Every structure is written in structure tokens, then in C-alpha cells.
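Heads up: the structure comes next, in C-alpha cells.
Per-chain numbering from 1; labels A, B, C, D and E assigned in written order.
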């Protein structure tokens, strides 16, 4: 059976047995691609699709379904998001049924996403059921931090100018935040009135503060799905921020978010003897 | 230019070691440049990175966080957590276009009045050399 | 007669510290180093007193004692204050070597002159460096570079080692090159004799040579070269993957690439070279290699592994004369004979020379062989 | 609306000498929300404080900034002054314009400008101050002492004598600890058990002490005044309520095993009391060695082959039917107001010193082994014999600093007691057998307490020869050991033939010290010893309130020091338990339940485990700060992305206000 | 016959405009096509379907200081912001021009927003009719069309080597005098063919479907970002705050969106549109029901930007279709 047929069978089984109230998967969109699809009964199961247009990270939707039983179709990066949410106690493991799919690598406008070119995972790290045959991609190590390395090679002034130009376009629509599985504050720091960390202006200084702190809040938490970059209506290369921090986290602490829900994230622990370059 | 550049430095000092160390510099009358503005915090682990980023956004030329030496934290482990956060923040600031040298983390004990004054002096000199932050700087 | 009164001499203390002997401050004079030092089985040599004199600045630079230490590291490994005793010895020597004041054994002086001039301790012409290989020409450009050590390149006895090693490598079929004419002494004993500037020059020269030859990995016969390339060249910019041949061959053995064809049927005891064992913690690879040779029964001496006794060749002692009865090699030979072994296996050209001498002068009934020779025999 | 008063201190010329006070006053008057600003010669003086009080009342001030010295100096003073005007004391803030300004700058203009900014920051901060109130919490008037050695015994007795109930928990079957293994004690040569046993009996009989032996600490929850501790009573297989300690069982038990108490020099039975004076004098069954237990295990697991003998002699012989094979470990939860850890030490294991040959040569023994030999109640009935051949040794060599002052073994510290116990051993050996010659290889002889130097002299007078130098090698020649080392005073190698060599092993942290520290949330140092709150001024306290320390769990100690510490810890406990309520500092964290997303990161990082989870009615799980435990470090605030955690006195709003004030 | 301007003349005309006024035109910025102030005519993109963001920011800026308070003289003086320069927006599509008109209705309703009025007054719109529709367009169903000249000052239509010109207003005439134009030699090219959406009677249907579960199911997918509102030419919601800064104070107005959770949150914490379904419904009801009821015209211009930008493909065309069915079903 093909992967999507397996998804159909599993989704039908889960809904019929009322093991879950809802299956979140991908359906056909109106503009040639796919979109998230919520299936509440066995009759809707056939509408589920999975192909290389299925770019969304559906783990985000689990945050709206706390306390309810949900099955969700997960690519490798999405499964890491589920692990992140599990490790942060945002969802309960026994309320989530993880239908893993083997990801062919997502394409946008027929071209593979940069994110997917960098990703060595085709098979999710965690799942309750795997609909496809496990496989791994081999990735050119140089791609891992492509872009980040180029940024690092720039001069301070060039980097500053680069980000000024990028953040200048930001319209603070918060799509990056809304789509991010790691962003789930009841009230985002950027919208707080007291303390007023960031004013309401949609202007360079505020935009920069917003983008910088949002990225920093994801230190050691970004699972690399790059949804933020995908949805940005003005094309700010947001993954360059997150990937820089993930690079630092990985090189310093050997940690990758969402790979193991049991591992202590970098800011939740420390080593007395570690030397991090501050005066010791 | 004429007027010499005087960097503005925001300093977060942990109450138990570094704030007391700064007091010690005072009681010992060890002078240092007047560029630092001190914000007392209970522990270097209390310093939310957003306060540092905010200081830079407002226009600080440098930010200093000083706490107890690792192992000597009044709260046993606060500075260990702080160290990790700042270890990530510093390269990130550099990446955004803020020289890493503008963000300093130092361990100053309550008895190290001299060290405190040296830290402030050398930081002030370093920032003077770096010059003012270009306007419209990131964050 | 006026009694001479000692008083502390601060400048001399500073000179020792300046020369790298700062560790002397840590010493609390327990004497464990002296008791541990193998010399004291043969003659009186109190390293503790020497350190104490250095602490007070009253060290006698005219004394032979400055040159006694074989840098075998037995004392350092036990010192409860972790005093870097070898560094102190080195510092004392370097004051003499660099300033030219004080006593230095004549033979050592000559050797250093040879090294400075000809690039090797024997004072042989550089172009003869490759003579050990006979007509065989080894490539100069290679990722894996075999560095035979001046002694095994020039010394008529120790040449066996270089020949056997090259033969083994050939037979296994590993592509390798040989550090040739431009290579000079690694500088280990030069540094231990206190001549830092000559060491730096040698190291710089060799690093350039190896780099020019495209070397990524260096394969050494001598643990002294091994130690120097591994631990001291990186500070001068020479970063190579360094292997003693016993490590390399043991690796090949594990991978199944080194296969033996003959059984030797002998009883062997193994002498740990100080610079392989205590200095660098390599105890298992040589033994694994020996046990891997068919028909070898490996027996241990009374003192082995970390407790092994020096052959007497370290710290520049190999270039100095030892009067009979004051040879550490003889002490060690006795231990070897006591095991009833047929062969005393070594893994260092200095050890080989010292024990060969010992066998000659005492007519001890034991053969001395480098491990690489045994490997070659069993192929 | 905040009505802020600013009080600027001249501090004589300390501030006024460098800072232009009138300029500062004028600037302060123009700061936002400042309705009153004035200077004073000395704010901290009685008239100065009165002026603050009066100004608050006259100008209806509701916030106060005192621009003067460091808060370390006078924060409390001015809080009191503010409170005396009826204002909440936490509505005052200090601006440090002396230590951080006038004392460190010479340029008057710069110092004046800086003073103004410092005050501006304080004004901005104080405008965000809130009223804070300390809380009072009841105290459980009961103490737990962990460890039944001499430290724990002394602590328990002193607390109990002060009238507070105590539970003394000991993991071995008997209390007594290391001291009970000793023969005599230096420098008085008292018989160890003669002075210890009465105290052990006192513990058993004390109405305020509940003794729980064979018991380990499982879990600690709660906080000062209100600890909830789970203890594991290990299965003894003997009903101690029924047992009369008649001794029949341990006399008849056929299974003999090495006695831990006698360091394997003697034997005990599988049902046993560790030593004759054990308290409580009730046996336990060592299930690992008991024949019947092995039989039970064999049948229970249904293994094949020959079954072990079905022994059960103890059960058959017990006149009161106290043997209970069904008994299992039991978890007991009790509440305490204070906990004392007195878990002692273990002797250093000298096997790593290959040159000394412990384990290789039978006649190389440790000091504690010698104690057991010399003890009249010990395995050799007080006779010192060479383990190799049972003869009395005539030449005995002692070696000091085995496992002490040795970086190579990771033991850098001095164990304090070895020099003295060697002196004791030398004296005792001579008194056991006048023909004995003792040699002591040593580095230094440390005799730092009362009567110790005299005791050392006594050892020398008894004939012990002290050789300065460390032993480098022991080898066997014939039936003797040759001890070799440098005599550093002679500068010669010396070899001493010996019948027996005694290693003066040092003290190490006890087994499981790190695990215990983690359960108690206290720190331990690189050597595994517990860390006191302050090495000089708070030697028996920890940084966790309500948890105290005594004895060798803190580091090497002799008996007098250990006992003093036991009494000291007891005094601290009594001081705590004598209060009816605990007053908490209000400068603690608080977590906004609405904003908290329940990621629980704060719980992972709180150094005091002061944050618990709470499930709300809407099903969300959030973090809640236990204000009694919180020490106000604010780690949770910096870690909380949600902006849910905040720290009274150092709120996000306050710190941000200080930053912003610089750019107002 | 229509007027004509050659491409070359148009560019030199633009050159002239940019030297006197602020010229705003479509420009390529890091892979996006955006209206930007430009002084460099060569960077203006002429061949495009539509920009990624609408031109509304030139009438209703993302952030605008309404006035500043100056306290330097010891008393507070209010200093309103004034629009100082004339702007010419070049290359606006008819749908966006209709959008700007739609934006004006609420803002210029009495009492008029003076800043908006100034922007409006000082801005001239040079429209460009569409010869090619983008896949998301549906302007003809929303009361405008690819060559609708109603809301521009000048409308250009691309023809061979130049543009057909229709000058619609006096402002247009002043900007592009007849002297620059020649008579067109050919007919105006046919406008783009735009797909239709069944929008007939949608207001009534929406009212009927007000309480349908449809909205909350749709909200399952919605991420509640502000993208749709911020790319929309007609969304005009804003937020206003006062800030004290450097001794003074400013009142700032910025874009806001009915999609953000705090938008309708009242003091005291009550939020009439606390759940995502009602917020989502609000957007479509406002576009297709409330605004048309108040101003008599659609609030959606069919530009298709929200369809294109929505990260989860919430498609107003599909919703119109769905609601038509829902309404009927009830």
C-alpha cells in the first residue's frame, strides 16, 4: 500500500474506534498546493493527501487541542516539534497519536525548499505509526549552516546593514510567530503593555527588537521547520536567525531541539566545569 | 570631532558579589571612569537577556553583567545558568551587528574592589576605542 | 677554615622560574621523588635536594647532578603535589645551556654541536640519512610519513629498526613516504638538555619539511620523536596526526591487515620505554602487538607498565657516558633475566642501544630486539 | 499616582565633597513624579531619619528615594524610617551615590551628572514599587538527625534535652559509627567504647528520641519548618518489638561471613548485631548471606538444580517468635521542622598506591584495621598479630598521608587525624609489647589541638622513631617487608625492615554522600564533603534553610570537633524550633497563573526547588512559587519566556524602568 | 481616439516627477515586489501582475506619529504632524485604486481624519490597467475591473512601445499635460479576463450563516496572524498609543488587525471576540456585509492578496462559495 493509503487506513481506524476525535493532516488547497485539513469523522478520511507540497507543520495545531485526543500527520521536522511540545509539557503524550510520514522533501514552486535540502531526516524521530518505509537522506555537511556561515564571514558593518535592510520590511504581522510551534505564550512579550519591552511602532528599531528577541526565545528550542520564513509575507530570511542560534547551541552544548523529549534543553541545565568564555 | 566620546554603559551587578565588590572599590577609594550605570539585581541569573537587548536598543554603548565567580553563587547555581544564556546571547548579538566586545560578563567577588574598577576601566576604554554605536544599529 | 654560610639567592630562583621551573614552588619536600628515582639503586641522587636548592637559589651549576636526571617521569607520576620535576631539571639545564655558564658534560656538548651543525647527534652528513635503506628509494611525498629517528637512521646497530619497519610496511602494502635528507633531529633531547633555541630551530625546520612532503600522519620509531611531534610541535604550529609504530601496527593487526605467517616460539619480556609509557600512556598497543605474534609467550618483569625502570637513555643521557656499575640498563637487564625470557623486546632506539651495550658488557644470555624486528620475523 | 520624595545625603563631605548637592537637588525636583527633594547632612542620623519621616507626612509622599550610601549599609535603616511614617517599608529605594560615585570619581562635574542619573534610575524604579508584606508560617517542632555516629548522637541528645522530639536515623543496624570501631581515643587514651556506649544507651532510652536504625533517607520534600521526609526502614526480618536480645539466634546461626565492623578481620553470623554493645541490641538478618533466605529465593524463582539447605535455625530457636520472613522494606513519611545531616566519613581505600602493596602484602594494614586488632572486643581479642603468620610484630612502620595531601589521588586535603592516631598507635603498641619498635615515615606532624603536641612528644618518648620522608616502595624480602624512602633530613635513601606496615589512611566522604546532598538540596565540594553556608561564620548551617550539618560529613574532623559541631547544630535546630512562626522575606518570586504556560522550566532550574505545579480548574497546569522556600534569586524570571514569573523588589517593570530612565 | 505616450517619454516624465515630488512605484526588494519611494526610474518594475503589499501604506502608513507634545516651555504644546510633500503613486492597479477609495470612505466620513485627508489630497494616482490577471484575482466580482479608471487620476494601458493614457481628473491633467501626449494609433488592448466568484447576494447569505459551525471549523486551520489584514488594500483598523519620550510625548497610530487576539480586549479583561472563529468571521463579515451596508460598496476589491499570502490557504473566494451554499441551506 502506498503511504497515503496507509494514512487513510490508520486515520479511519482511529476515528472509527474513537481513539481520537480528530485527525489533523493535509488536504488539497485552492491554489494548487496543499493545506492543513481537520478530519472529524471517518467519512472525511479520503480527503487526506500527502505529497511534496505539504509544507505546513501541523504540530502547531496540537496547542489548540489540549485535553482532546488528536491524531496528527507528521513529517520529520513536525515530529521534532511534537517532541518539543512534549518536553515543555504543552501536550500530553497519551492524547496525541503521531502518524509519521516519510517526507519526500518539500518543494515550493517546483523547487525543493532550502530547509529540506539541509535536512538529513526523511523519517520522523518519533511516531506511533509510520505510514511509509523508513529512509534517510544524505546531506552535504556544507549545506547545514549555509547562509549562516556566509553571514558570519561578513564584517560587522555588513551584517548590521544586512539586518537593517531585512527588518525594515517587517510589517509585524506576526505570521512568523503564529505559525511557529515553539511560540505559544498567552501574551507575547512584544504585545505586553507593562513591561513595555517593545512599542507598537512598525519601525526599524521596534522591528529589530521584535525579531531579535523572538529568535532568542527560541534558543535551543527551534526545531528547524522554517515555517517562519515560509510564511513571511515580505520575505525576511528568518531562518538565518534561528539557525545561527541552533548552530551555537549545537556546537556548545551538543543539543538539538526536539530530538529527544527527555534530554535537558540547554537553558535548563549546566555543567560546573564547562568553560563558556567568560573570565574563567 | 572635539568632544571626546563617552560611552554609556549599563551594568547589571549581582547583589551579593559584584555590587558588594563595587562597594568595596568605593570603600577602598579605587577610582574608575564614571561611565557605568549600575542596576542592582539579586543574581546574575536574574538578568533576562531581553534587558540586555533592550539596553542596546535604547542606545547603550556597552552592557556589563557581573556576578559571583562560578561556584560561589549566593544561590549556588544562578551564575551557571546565566553563563549559558549569555554564551548564546553574545554570538547572537555579534551576528546582528553588535560587536561582542560591547557585551561583557565578568565574575567579581565582594572582595574584588580592585578587579571591579579594572573591569569598568578596561571596558570603558575598550568601548571608547570601538566608538559610538552607529545609529539605527540593529536592536 | 671559614664556614661557608648559605643564604637564599633570589635572582637565581627567578632565573630558574624564568626558564620554566615555576613548579618548584609547589614542592613540599617529601622526598618521594628521590625514593622513586631509579638512580638511587645505583648511586646517590636526591632530586628533592636539587629542587630545594633551586627553591633557595643555591643550586650548584658546576655539579654533575644537574645532568643526571633521565626524565623518566617516574617521580612526576607519583609526586603528591604534582610538581613538574622534569621542567625544573630542564630549567636548571637551560640556564647552563643558554647562558653557557656552569658545567655541561663534554659528550653532550659535542652532541649538541653535531645537532646544531649536521642536524643529527652523530654528526653524520645529512646526505647519508637515507643509507639505512640501501638502494631502496622511498617516496618523499606522502600522507603517511615514516620518520625513523636519527639514531635508527645513522647508528649501525639501530638501523635494524628502520629497516625492519620499512620492510613490514612494504609487506603490508601501505603506501608511505620517508622523511629524507632535509629532516633533522626532532630536538627532544636538545630540549631536555636545556637548549630551547636550538630546539625551536629544529622543530621549525622539521615542521616545514614534513608539511612540504605533504605529511598528514607521522609514523615514528622513537618514542622521543613521538612525544615531541605529538606534544610539543603543535605549540609551534606543527599539527600532525602522530603515531608510534607500535600503535600503527597494532591498529593494522586489529583491522586484520597485518597477518603473520610464522610462529616464533619464544618467551619475550617487554620493556616499556618511558616516553611511550609514562609520558604518553601507551602501554597496551605494544603488548597487543607482541601477543598477536604467533608463538610468543609474553612475561612481565618485576616492574612494568607505569612502574617500569628507565634504560638510562632519556633526558640526553644517551649521549653521555655512564661508568660501569652506574647503568640503569644493567638494573633492568637483571629484571629481564629474572623472567627467564629469551628476548627482551623494546620499542625505542635508545633502549635498544643501551640494552645491547649491557648485553655486550655483562654477557647476559638474552637477545635484545625491537618489536618491529619480531614482527618482521613472523611475517 | 506616585508621590516621590528624594532625600539626598551629603554624608558630611563624603558625598558633598565630590558631588554638587544643590544641582542634584534641583535636578531631582524636576524628575517625573517627584514632589519633594531635599538634601541632608546625614540622612542616617536620628535628625536625618526624622526629617524623612516628617516630609512623608507633610507632603503625603508614598515613595521614597534615599540617595546616599550603599543599600548594604543602610537599606534596613531607611526602610525602618519609612515604616515609622506609616508607609510600607518596601516603598523605599536607595540610590548609591557614595560607594559607586563620590568615592570613586574625582571629577566633580562627572560625579554630579552621574549622581543625577543614579537618582533618576532610583526614582524610576521606586515609582514601580509595591507594598510588600512578610508572611508567617507555622513550624513543625520536630527534628530529624541523619547518621548515628558520635556527631548524630550528640546532636540528637542535645536537641532532645532541650525538649524537642527527634528522630535519629542510621543506615547500619546499630548506631555508634566509626567511633565505635576505635579502641582508644587520642590524646587522653580513653577507651572509645567506654565513653561512647553510655551515650548510645542515652539515645535509646531518651523519651524525646525515636531511634530508627537500618533506615535510609528516601526523599525530602517541603522546606524549613515544614519538611516532609520519607524514610526507608530496611527489612530486618526480625520483629524488634518481640525480640528480647537474648542472643540465641546469632550464637546458633551456622552461616559465618566476614564482619564489616571488623573490616573483614573477623567473622559474624548471617543474623547478627554488628558488635556486642550495639544499640539497639537487636539483630537483623543479612539476607544476602542468610541460608534460609537463599533457599526461599531459590524456590520462589523456581530455579533448577540443587536447592540450598533449608536452614531456619534462628526461627526455630527464637523463644519469642520474632523472626519474620515476610518483612519487607517499609516507607515511613514523617514531618520535621529541621534536618541535621551527620553522615560522617569512610576511610580512604589505599589500593591505588601500588608502591605500598596494600592487598599484595598481607602485613600492610590500615590504621583502622590496627584499631580492630587492638580492641579487646575485636577479632583478635586485643592482640596485635601479623596477618601473614599470626606472630606479634616487633618492627612496625607507619606511613602517613595515604590518601591525604596527594593531588595524584585527587585528595588534596589534610585528613587532620592521622598524625594523632599514629602517635596513639605507637604508644599503644609499645604498651602492648615493650619490644616493639615503631618507625613513622611522615611529611609533617600536625598537632594543632589542645594537648596534641604533648601527645606527639609522648609517642616519641615511648620510642617511636619519626623519619621525615615519603615512602617510595615496599618490597618483600624473606618474611619481612622492606620500606624504602628518602630520609629528607639526612638526604639519604633509607630502608627499614618491618614485620608490619600501617598505612595512615585519610578520611573520605561517606558512601552515597552526593546522593544524600541531592535529596537535601545542599551542595558538596569537589571532595564530596558537604558545604557549609559560610566556612567561618556559619559552619553548621547550609544554604538550604532548616538543614544543618555536623561532623566529618563536612570534612575531616577529630572527635572533639565533631562533638562540638553536633552541639552547635543542635543549638541551631533548637533556635529554629523555639519559634512558633517563621517570618518570610517578601522579596520572593511570584508566577502569574494566567500567563504561565506550564512549560515547567522554572522548576528545573530553581536552585531551591521552591516551585511546584498546580492544576487549575480549567485543566491547565501552572507553576506556583512556594514563598517560604523561595530565596529571591530571580532565576525563574530570567528563564520565563512567558513573562509569567516576576520577582518582588526586582520586577521586570522595575529593571526596565531603570534602563529606560537612562534615556528619558 | 485615446492618447498615447511612448515608453521613453513616460520614463523621462517619471524622471521629472521624481525630481519634484515623492515618486512611489513598484520596485523589486529582495524577491518581493513592493511600492517604494524611488528616485531611480530605472528600478521601477513595469511588467508585473501585482505588488506583494498594497499601496495603502502611502495613505495609511504602518506607523504614523499623529502629534508630538512639546514640554520645553514649561507647558504642554501639541504639535500635529503635517504631510509636507506631494506624492505620485505610479503603477497602481485598478483594484488597489478602488481599495484606496474604499479606505477613504470611513476615514473621510465626518469628522474626517486630517492626516488621511492630507495624504489623500497630496497624492496623485497613476493607474495601470491589467492585461493579465493573477490566479487569485476576482476584481470583476467585487465591483471593479482590470481597466476600471474610476479611482485613478491617470490610467495607463500598456500598448506597443508605450502606453494608452486616460487622464481622469484635474490633478491628473496637471501632472501629465496634453503636450506630452500624442494620439494613439491603435485601439486600447483588451483587458485581462478575470475569473468570476459567485458574490451575488453574499451579504444576505452571510447574515444567515452567522452562527454556523462553519466559522469555527474554518478557524481550526487559521493561525490568526495578521497577514491577511496587512496585505489588504482596504483594511483600515489601527491602534493608538501615547509614549513619553526624551522629555516629551508622542501619539502614535499603527496598523492593527481584527485577527489579533487582543484587538477587541476591553479594559477589565472582557473580550467579545475571544475565540478564533468569531474573529475570523468578523473579517469576512466586515468585508462583505457590514461595510457594504454602511457605505454601499464592497470592502473587498478582489485583488487576491490575502489568498496568496495566507499561510494556510484561507481563501475568500472559496468562503464566498461556501457561504452561498450555507445561506441557502438554512
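Here, contacts are C-beta pairs under 8 Å (C-beta built on N, C-alpha and C of every residue); 3 or more make two chains touch, one makes a residue touch a chain.
Values in this document were obtained by computation on a predicted structure and should not be read as measured data.
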Shared interface partners, meaning chains that touch chain A and chain C: D
Required minimum of steps from chain B to chain E, each step between chains that touch: 2
Central chain (distance from its CA mean to the mean of all protein CA atoms): B
Relative to chain A, chain with the most remote C-alpha centre: C
Comparison of A-B and A-D (more C-beta pairs in contact): A-B
Most distant chain from chain D, judged by the mean position of its C-alpha atoms: E
Rounded Å distance, chain A centre to chain B centre (Cα mean): 34
Centre distance in Å when chain D and chain E are each reduced to the mean of their C-alpha atoms: 71
Distance from chain E to chain A - Cα centre to Cα centre, in angstrom: 32
Centroid distance [mean C-alpha coordinates] between chain D and chain C, Å: 49
Touching two or more other chains - residues of chain E: none
Set of chain B residues in contact with two or more other chains: 49, 54, 77, 81, 85
Listing of all chain pairs that touch each other, if any do: A-B, A-D, A-E, B-D, C-D, D-E
List of chain E residues in touch with chain A within their complex: 29-32, 34, 52-53, 62-63, 135-136, 217, 220-221, 223-227, 229-231, 239, 241, 243, 252, 254-255, 257, 260, 262, 276, 307-309, 311-313, 315, 317-318
Residues on chain E engaged by chain D in the complex (per definition of touch): 244, 246-247
Residues of chain D that touch chain B when the two form their complex: 70-73, 96, 98-101, 103-107, 110-111, 113-114, 117-118, 121, 523, 543, 587, 605, 607-608, 631-635, 637-639, 647, 650, 652, 655-656, 658-660, 662-663
Chain B residues within the chain A interface of the complex: 49-50, 53-54, 57, 70-71, 77, 80-81, 83-92, 94-99, 105-107, 134, 136-139
List of chain C residues in touch with chain D within their complex: 28-32, 34-36, 40, 44, 46, 48-49, 77-82, 306-307
